[in-house]
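This is the structure, below, for whatever I ask next.
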Amino acid sequence: MDIVGQHIPLEIHEIASGTPVFDWTVPKQWTIRDAFVKNSRGERVIDFRAHNLHVVSYSCPVDTRLTLADLRPHLHSDPEHPDWIPYRTSYYSEDWGFCLAHSALQALPDDDYTVCIDSTLEDGKLIWGECLIPGATSDEIVISTHICHPSLANDNLSGIAVSIELAKSLLAASGSYYSVRILFIPGTIGSIVWLATNVERLQTIRHGLIAVNLGDTGHLHYKRSRRGHAEIDRVVEYVLHRRKDDCTVIDFSPYGYDERQFCSPGINLPFGCLSRTPYGQFPEYHTSADNMRFVRPEALAHSLDAYREIIQVLNRNGRFQNLQPMCEPQLGKRGLYGSIGGRSDAKERQMAMLWVLNFSDGEHSLLDIAERAGIDFEVIADAAETLTEHGLLARCSGSNA
Amino acid sequence: MDIVGQHIPLEIHEIASGTPVFDWTVPKQWTIRDAFVKNSRGERVIDFRAHNLHVVSYSCPVDTRLTLADLRPHLHSDPEHPDWIPYRTSYYSEDWGFCLAHSALQALPDDDYTVCIDSTLEDGKLIWGECLIPGATSDEIVISTHICHPSLANDNLSGIAVSIELAKSLLAASGSYYSVRILFIPGTIGSIVWLATNVERLQTIRHGLIAVNLGDTGHLHYKRSRRGHAEIDRVVEYVLHRRKDDCTVIDFSPYGYDERQFCSPGINLPFGCLSRTPYGQFPEYHTSADNMRFVRPEALAHSLDAYREIIQVLNRNGRFQNLQPMCEPQLGKRGLYGSIGGRSDAKERQMAMLWVLNFSDGEHSLLDIAERAGIDFEVIADAAETLTEHGLLARCSGSNA
Amino acid sequence: MDIVGQHIPLEIHEIASGTPVFDWTVPKQWTIRDAFVKNSRGERVIDFRAHNLHVVSYSCPVDTRLTLADLRPHLHSDPEHPDWIPYRTSYYSEDWGFCLAHSALQALPDDDYTVCIDSTLEDGKLIWGECLIPGATSDEIVISTHICHPSLANDNLSGIAVSIELAKSLLAASGSYYSVRILFIPGTIGSIVWLATNVERLQTIRHGLIAVNLGDTGHLHYKRSRRGHAEIDRVVEYVLHRRKDDCTVIDFSPYGYDERQFCSPGINLPFGCLSRTPYGQFPEYHTSADNMRFVRPEALAHSLDAYREIIQVLNRNGRFQNLQPMCEPQLGKRGLYGSIGGRSDAKERQMAMLWVLNFSDGEHSLLDIAERAGIDFEVIADAAETLTEHGLLARCSGSNA
């Protein structure tokens, strides 16, 4: 949170352990100071200081001596990738353990081992961060990224990095229609806490994206919201298609990241998940190999561009009302006519105006019109802007879906 | 009716000739005692006692002497199948006649024939039988089978036989959600009488099937209800598909069996027709060749299985309400979590729970969820049962369509 | 208008210049008496009397002498078709000009030219004609054809000619359900004027077609109404398909002929455009080559047949209510049964009756039923007529879409 706060204005929130949140309770706070396994010669053969994945997250405190046989059930490795340290957690059941490379595990001799986990699990607090970039309306786009294991580079840190850069570029721009709220929250319990403490705000949330796995070299994947054809779904698919990005679009399923909570049936917000390679589909997932060599700057930049473009289309998209809906308005007396037959661009601009006028009946969004007309969204949006300036069009409030 | 009543509890109903039923009137009762054509030597050359198809059903009484030429217009045969006796009726127009094999007809010499039909057509009653197997609710599944010409084996007796066996197995089972009512009624007028005398009951009928032609060796045919996508339609199609049965599904048309009445526009109940080879599509249809050699025990058993499975899916299917719809409920504290990553079956059960929780918003039935999740219906239904036992789910009342 | 009025009864309407109509104003009236360019020898080298396309329509008065260089910006030709005179207008911007064959333009020597356009542009009136053929109801079908440049044969005169013949045949027939109104109006401003002065009538208009380009040898094109699946759209597509005409059907777009006004969002009437080769897709379009040699009598007759057949189907189509909707009515006692099994035609008529009875629930039109049953519309409509005569059916009022 401190590092994020050095890059963008961040509001830090906290909630005390034990607080009920919907069907859940905010858990105790886990603090880890040190953890190691020493052999009988006093050498640290597994050392938390060397790599923080060595200790199973949320392990309870331990201070004991064990034979290898007794220690063994607490040691986790991945035989298929013998050099990688797996990432394990023990949320919600009191246990402890160490993770290590399978090659290192196999090299451990029979010995008496000193085992120490210097952790505490006690009442404390859960914290999260929010960055709000205000727009013309209080209607919000929410970008949510998890922060619970940032030492994993793609599945976790990449989402944080892209979100920070996105926030910076939105703060630098102006004239955004929507307010954009970026959430930096622990997975699952963080989104449950946020939703439980923001129930009154939910009705102002128009669109949402879960930002995750944005640095690997795979192509973009979009997992639709539970609604399936919400505006966010249509805009993401339009943008990915327009960019001619290689991409895969899949339907919502109730498993994955925090879309599970944002799309639970009582919440049912239009949240999709835009990632590169999804959850569990790259071998480095949840291992020490998901590191800074695995994520690529050009992949991060490409992901950031897609997010920016999506937010731009969301901002420009809207339903409009033609204020002269009885027959066509006379464009000529307003200097808006006469370009047909001129250059091809002028003709397209003219046609865009006619399409926008004809279908701005309060029911069709500009994206609907662009798709029906077969004209690029930006040309349609420019036409709507021109017509609005000439008093022929007014933007409708509310969602466009 | 007596024979049916020896196998299952049967309630017998009757209605007097002359009673108006909707646009119709209950007809007079036809009683046939004997019918024959004798040659001049006094030999019965056509004899009702030899085969009851020899007399045209509903023939008026006759006692006369005729030449072959005068008799001929009253003799019906099928030249394409010269050894089969056709089945003919003369409902609703006063007439009389005999049916015989075409070969027998051609062998008749010129002669003076004594013609006798010892029948009466007089005020009496129409009877039908009903077997009700009570379920947890008074909502009903109705299975309707016609009984008007049971000497035909496939088109008629097979439907009666399968319905009796179905009733037996439902009576032996327990815990059915729906009450199941099995109707043994004459075709057309029987369903009109039943509907006219049960108007107040129609609103409790949730699903219906016309059971007919269930013993031939052809594959299953399902003719959809007039509604086309009623729950009965979706369940039958799901079950036939899941069984990997060869089957044909066709849309409703206003011709065929009693679905014509159950699906008339003022009734419009969700009744489909599940048969093997449909109406008129096998050459033996309505002839003496539709006999006990034409129907096969394994075909009857296969039909019965399909009916049983359909009723089982109907009973388990339902719309449910997630009682903890704000974010996911915490499955771990209820001992329902943790199996993911374990055996494949356990993982599927876990996913089934998440699907059921996410889509149990009172709008999606378990069949909707099973189809969307790509998980077998029974696994989804088991998950719903488990979640209901843990107080996380409640079944909605009413139809699921 | 005078010539049209010699063929059919025509009501002439007028509106004064300067009258506001929606966002527009009725323009001044342009009168052209003579126009020419004379060379220094006094010879008319461009002469309005020789061809009325020589003067740009709506040219302001001119009387001056110019060198060829100064005259040149006012001369319009088409280098791609050097022998054709293009058709140009200067509505809504004060200008003047001459059109001529490109070969004639190139032959003009340097000279001093006398230029004269003897026109007036002053307050006057806009006129249009209407022919109303009354039907059984005041619900209307509107056929609209433009009259603004009748010296072009396909794009303009063909629509007038077919509309006149259509009116004649409708006047000669009887028993039409709809009233048919045929509009002879100037393009764009004419339809705006008509709509602005008939706002209260719009709710009685059930169907509309723009009649244009009906004499060329291309195949029929139907451009759907803005609604896309209005009854007019379905009927036109049904008729074109049934005729086995080569035809092209395209979706609505807000450009073309007067469907732009009839389908503007505040009007949104179900108007399609049925033409042969559409707007701008034949090279002769808006040139002197769109003349009486370009249109063919057999093409005009073929177009007229399609219009007639469409109006006939619209007249017969309707939603009906089965007055005996509880089970099937007893057709036998009304002499309507018994033909099944007879000739194939009788069987189809019988099936048509059953389809009409089953789906006449006030929601399905006869066209819906014909398409669902796979039976020709006229057979279905005949069945509805028979059933109506027997008191089993009643036509619903209102639109069928």
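Remarks
Here the chain labels run A, B and C in written order, and each chain numbers its own residues starting at 1.
Everything that follows uses one rule, which is that a contact is a pair of C-beta atoms (placed from the backbone, for glycine too) under 8 Å apart; a residue touches a chain by one contact, two chains touch by 3 or more.
Keep in mind it's a predicted model, so treat the numbers as computed, not measured.
Annotation: the chain A:chain C pair of sequence copies touches via predominantly different residues, less than half of the used numbers being shared.
The angle of the rotation carrying chain A onto chain B, fitted on C-alpha atoms and rounded to the nearest 5, is 120°. The geometric centre of chain A is 55 Å away from that of chain C, both derived from CA atoms. In chain A, no position touches at least two other chains. Contact residues of chain B toward chain C in the complex are 22-24, 92-93, 191-192, 195-196, 226, 253-255, 260-261, 263-268. By the touch rule above, chain B contacts chain A in their complex via residues 322, 324-330, 332-333, 338, 351, 354-355, 357-361, 373.
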